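Presented sequentially are two complexes of subunit A, the first with subunit B as partner and the second with subunit C.
Now for the complex of A and B:
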């Protein structure tokens, strides 16, 4: 149990919309096995789908020849998931982003809520430096 | 994160899953494969057959090929084609599979003589999938390639 590799899983898939559903089902099966509650698994499914769609649409610019990589591992009190793209487009944080309630009130496009949703659903979410491409790390406490 | 076992199929749409060799993780492979198969339009019956076959293949890889050493990985490749789904399961092969065991069908009497009442896995896989082929993976481990056709 001491070796973190013993409770880790890797998944990769073509950068094509639709594959995020398969990734979501694979990672939620992994999370259930590691004892995440049903409610947290639902949060994870939404957050992971958003992160995968970002990687496919933005990071990999919808290029089907590129791939998305997911690495999941268990830390003593939390599950950590990294979603890594091949960086056709580098993530740049924007200022003046409308809040979800402002968007729903019609003050802006209903799109572009992914990162906000992710940050609400995870216990920790951030972009971390990766060897190539963008790497978004999501953490869920157990 | 690329792996030599996945190279020949790279131009196709391949999902690659690497799992620790611990019993229970076969469920992750089952759920991933059934998610893909449902999206491809397989009937519930066929999805159930696929889940059983992949569960047997991954359990064999964990228990026998990788001897339940959790640090060793089982690599599952899922390739969606127009006419079906190709599943390949490879272990790191501490224990090569005896050639005879890939073709024989056990009898009830033989199975009951074993402590675990087991030995049905490969027979089941052959019954449930449309094409089954055992080989040695480029990594040196055991590999089983299974195909289930879309009708």
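Now for the complex of A and C:
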């Protein structure tokens, strides 16, 4: 991996829960080789899993005929990971994410913690226009 | 391709605490097993419940949602809940999502047994 042009990796998998673990293991091995600390790799594993689950469940609406694509590349001081779905459902940001106390009080779904975890675990996270669907970009400083 | 996670859930009692051992990954596939174990210890009259995690390489937001559901039931049933055995990373995750407000986090089972009955 001495050639900077080689510091990138692409994966794709069907929209089926469980594949995010395989993607997570591959990308975390890549991140370790690029010098991320053990603690940051743990953060990456959780954030990437959540981004993949979001793409599988929401972006691709759990359709196994659609695929999730992951592109990773190294910038001078950070690792950037893009998780791209095929856009069966367009991502719409929600303003009112429920707190855990509101969830326990029965005010909404118990799910929905994934995006909050992503935003807290990455140095940068955002949705950017994707080629045919949603693209979530995650960045981790080295 | 079947990609369900392997999670083993079992229950036992020690020093007046109902312990639910969770060995493996805690994801959406864990819901039935965890809820069944909680119902079992509650039907047996548990006042103190300890979720004892082991070999948990993967706890995701769907797994966390299951645990929030357990917290809801624990509050409803006037029980006390604690967790033990989590890695440093997942202790951090539990704090981030707010679970630590509702379940004291202990490093291991022995510490949890002492702490649960003290408070």
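Going forward, the second predicted complex is superposed on the first by the 126 of 142 C-alpha atoms of A that agree within 3 Å, B and C clash if a C-alpha of one lies under 4 Å from a C-alpha of the other, contacts with A are read in each partner's own complex, and residues count from 1 in each chain.
Here is the rule we use: a residue touches a chain if its C-beta (ideal position, glycine included) is under 8 Å from a C-beta of that chain, and two chains touch if they have at least 3 such contacts.
Values in this document were obtained by computation on a predicted structure and should not be read as measured data.
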Please work out whether A:69 is in contact with subunit B alone, subunit C alone, both, or neither, and reply first, second, both or neither.
-> first
If you stack the two complexes on chain A, which partner ends up touching A:42: first (subunit B), second (subunit C), both, or neither?
-> second
For A:7, select first, second, both or neither according to whether it touches subunit B, subunit C, the two together, or no partner.
-> first
So, A:142: does it touch subunit B (first), subunit C (second), both, or neither?
-> neither
Which of the two partners, first being subunit B and second being subunit C, lies in contact with A:30: first, second, both, or neither?
-> first
Should A:58 be classified as contacting the first partner (subunit B), the second (subunit C), both, or neither?
-> neither
For A:78, select first, second, both or neither according to whether it touches subunit B, subunit C, the two together, or no partner.
-> neither
Where on subunit A do the contacts with subunit B and the contacts with subunit C coincide?
-> 16, 18-19, 21
Could you please specify the touching residues of subunit B with respect to subunit A in the complex?
-> 1, 13-20, 22, 24-25, 27-28, 30-32, 34-36, 39, 70-71
Quick one: in the complex, what on subunit A touches subunit C?
-> 16-21, 24, 39, 42-43, 46, 49-50, 53, 99-101, 103-104, 106, 109-114, 116-117, 120
Write out the stretch or stretches of subunit A touching subunit B in their complex.
-> 3, 5-14, 16, 18-19, 21-22, 25-26, 28-30, 33, 64, 69, 71
Subunit A touches which residues of subunit C in the complex?
-> 1-5, 25, 27-29, 58, 60-62, 64-66, 68-69, 71-72, 75, 87, 89, 93, 96-99, 101-102
